[in-house]
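To keep things simple, chains are lettered A, B and C as they appear, and every chain counts its residues starting from 1.
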Amino acid sequence: MIEKSLFKERLVKWVLVLFALSSLLFLFLIFMFIFSEGLPLFLKVGLFKIIGGSKWAPTKGFFGIFPMIISSFLVTFGALVIGAPMGLSCAIYLSEYSGKKMKMFLKPALELLAGIPSVVYGFLGVIYIVPLVRDYLGGSGFSLLSTSIILGVMILPTIISITFDSLVSVPRTYREGSLAMGATKWQTIYKVILPSAKSGILASFILGMGRAIGETMAVIMIAGNALKIPGSILDPLRTLTGNIALELSYASGDHRLGLFSTGVVLMVIIMLLNYVANFGIKRKIAK
Amino acid sequence: MNTKIAIERLRLSFGKNEVIKNITINVYKNAITGFMGPSGSGKSTIISVINRMIDFEDNVNIHGRVYIDGKNILDDSNNPVSLRRRVGTVFAVPIPLPRSIFENIAYGPRLKGLTGRRELHNIVEESLKKAFLWDEVKDRLNLSALKLSGGQQQRLCLARTLALKPEIILLDEPCSGLDPISTAKIEDALNELKSDYTIVLVSNNTKQIARITDFAAFFYMGKLVEYNTTERVFTTPLEKQTEDYIQGKFG
Amino acid sequence: MRIHPRIINRIVEFGLNIQAFFTVGILVVIVAIIFFKGFPYVNPEFIFAFPDDMGRHGGIFPSIVGTMQLAFLSIVFATPLGVGTAVFLTEYTRESTFTKLIRFGVESLAGIPSILYGLFGFIFFVIKLGMGWSLLAGVLTMTIMILPTIIRTSEEAIRSVPRQLRIVSYSLSATKWETIKKVIIPAAAPGILTGIMLSVGRAVGETAAIIFTMGSSLRLPLSLMDSGRTMAVHFYILAREGISMEKAYGTALVLVLSILSINVLAYYVMHKAISKYS
């Protein structure tokens, strides 16, 4: 009787070990398959011809994705320009100014905002933002600007929640000390709290960037799908994610391999971003 | 008196910190033995050795033997799960499981494989009666145990351990935080139970020890200072330290 | 001219107030647009009819079913894996290089964008394992995508179960697994359920990973190997091809309402749990 239950306990433990290892297994599989499909083209055509090449015509042997790399960074930066100030202010409001009622109202609102699918954002962007840009600023409306606006809104929940967490973890004594010395609330925030929460805020920006650079559906609906580096914020563009999403369903042979190479580049960029973000968060914890 | 638990040269340390220093003591059957002493004297730790709950702590070094009915329970081959069916524990803070009163008591028996409704009901009734709680809850066995008062919850915890039909009951400061009436009820229950069980009561309350125990052991800083019948320890203590403690000169 | 700090303080406070309302306002506007533009087109016929003429007419029934199938099956696979991993990390090991490695794996999975999951699912499930565009390929891909969320929320829920409950269970002669099964998981259930519901929300809204694994067939998926659409995929195609504005809004409404109600449900479960233990 006792032997049977001991056996069962051991069995359970090993099953759970396997379950836990499954995450590593999946990660390994994902890396392996994307890299195994994506790396050959780098060897065949040449790393710099792909990363540095400006012409993307895969059926004719041109796999240059440099404009898309630039475009990915541009929309990410643009999203940050739009989303960071708004997100920071909102987080400051939430942590320093709002009462309990407001908090209870705003937090679920943020989660709802985060839950809206990117295709819906993209759709609304096409219907409302694109014509707005077209009519008041020029161009076709499908542009870096429109994309940045929509992406900025999409990364708001990420920036707000992480910044909020950093702000509330600043010790109360800092605030009280500053106010006791006669500073106003804003002065306290500006001179004491924000600097103290600096690395957390930075981490939120970087994570927001990570989200923006990986965003696909909204981007392909609004960005316009041009293969050149955008000359102005009103010009259309194509990102790395867009490159994959727009052509995967009909690509074959080397063309398809080119899309996987695009995926490899995207993966490396995101890994770097995550690494930097984690580094920043670790510094915050160390403080 | 027959020995139920024989502790032989027990030494225990957490890392470099020696908490039990070479203790040898025999706990007798069908009696209430009190372990008393100030905080940090090691009495709760001895309890956790007897019920093998010490297994869940890290960085522990144990030497010596603890025999129950002649078998060394510290032996690796011994199964702590079956040990804990024979050794029940009541902790200082009553912790009901978040379920009904009935299910709290039935938890242990169910683990043993008992499933018959009538059988379980009998065990629950019997255990609650022995813990002097039956009359107060008999009509509301399906009520959540969390809704009981502190004193009732502690008696529930006693009934819970009784449901497993153990041979030994360990109680670690069970009445700390309870009002005098609840304390009295638990003490009465223990008095009734001692004829069928071996009971060890850890308490910092010397008056309680004097009230209900048959044998009293005084521990100080991990050492057993004095051990005798309660009457002798309290009327003619052999050690000055014991006398000072009983008189409340330190605690 | 130096403005008095207290005036700056007032201005800033006012500005931040506006900012916050503006942010909430965005949400309200989004939901309102979808609601008012989509409401006229959502009726029982829309929900239960099959699409006609590529979705120009008719309803979205197959995509609703496809969404439910995808979400349900992904949860079925991911929950044991995820809760099991969480149980392992909290109950069976102490922090060590092994656990750090596993956490690294989980966090990395969480950081991979959905298009890359789509790429992986496409090459691995659809092509190499020969499943073709199918419900199964979509489910397996989705399972991996939601696994990190389930692991994270389950671990948090399990860790917040009071230590004393474990002690009580062990002292009553329960084994480790019995304690986990009978005490810890039931106590952690609300938190685990919340994680599950968040994942369902994600599965419902996901497009990039699904369109390349599950495909976009307009038929009702009757078996695991059938291709099908989810509401999100259907909505995307309607919008991209400019097939029908009305149907697009209608689909968007059903989509957003589903996600909204799942979120509300998750909140309800969380609150019920908190009140039960206080």
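The working rule: a contact is a pair of C-beta atoms (placed from the backbone, for glycine too) under 8 Å apart; a residue touches a chain by one contact, two chains touch by 3 or more.
A quick note: this is a predicted structure, and the numbers were derived from the prediction, not measured.
Asker: Which chain has its C-alpha centroid farthest away from the centroid of subunit A?
Answerer: B
Asker: Indicate, using Cα centroids, the chain positioned nearest the centre of all protein chains shown.
Answerer: Going by the distance between chain centres and the overall C-alpha centre, it is C.
Asker: Chain pair with the most contact pairs?
Answerer: A-C
Asker: Rounded to the nearest whole Å, what is the centre-to-centre distance of subunit A and subunit B, using the mean of the C-alpha atoms as each centre?
Answerer: 57
Asker: Provide the C-alpha centroid distance between subunit A and subunit C, rounded to the nearest whole angstrom.
Answerer: From the centre of subunit A to the centre of subunit C is 17 Å.
Asker: Could you grab the centroid distance between subunit B and subunit C? Build each centroid from C-alpha atoms only and quote it in angstrom.
Answerer: Comparing mean C-alpha positions, subunit C is 48 Å from subunit B.
Asker: Mark out which residues of subunit B touch at least two other chains, giving numbers and ranges.
Answerer: 81-82
Asker: Got the subunit C residues that touch at least 2 other chains?
Answerer: 175
Asker: Would you give the residues of subunit A that are in contact with at least 2 other chains, written as numbers and ranges?
Answerer: Residues 5 of subunit A touch two or more partner chains.
Asker: Can you tell me which positions in subunit B touch subunit C when the two form their complex?
Answerer: For this pair, the touching residues of subunit B are 51, 53, 56, 58, 81-82, 84-85, 88-89, 91, 93, 95, 97-98, 107-108, 111-112, 157, 160-161, 164.
Asker: Considering the complex alone, what residue numbers of subunit C touch subunit A?
Answerer: 5-6, 8-9, 12-13, 15-17, 19-20, 22-24, 26-27, 30-31, 33-34, 80-81, 84-85, 87-89, 92, 101-102, 105-109, 111-120, 122-124, 128, 144, 147-148, 151, 175-177, 201, 204-208, 211-212, 232, 235-236, 239-240, 248, 252, 255-256, 259-260, 263, 267
Asker: Touching residues of subunit C toward subunit B in the complex: what are they?
Answerer: For subunit C paired with subunit B, touching residues are 94, 162, 164-165, 167-175, 178, 182-183, 186-187, 276-277.
Asker: Which residues of subunit A touch subunit C in their complex?
Answerer: 5, 8-9, 12-13, 15-17, 19-24, 26-27, 29-30, 33-34, 37, 86, 89-90, 92-94, 97-98, 102, 105-106, 108-109, 111-113, 115-124, 126, 128, 153, 156, 160, 183-187, 210, 213-217, 221, 241, 244-245, 248-249, 259-260, 263, 266-267, 270-271, 274, 278
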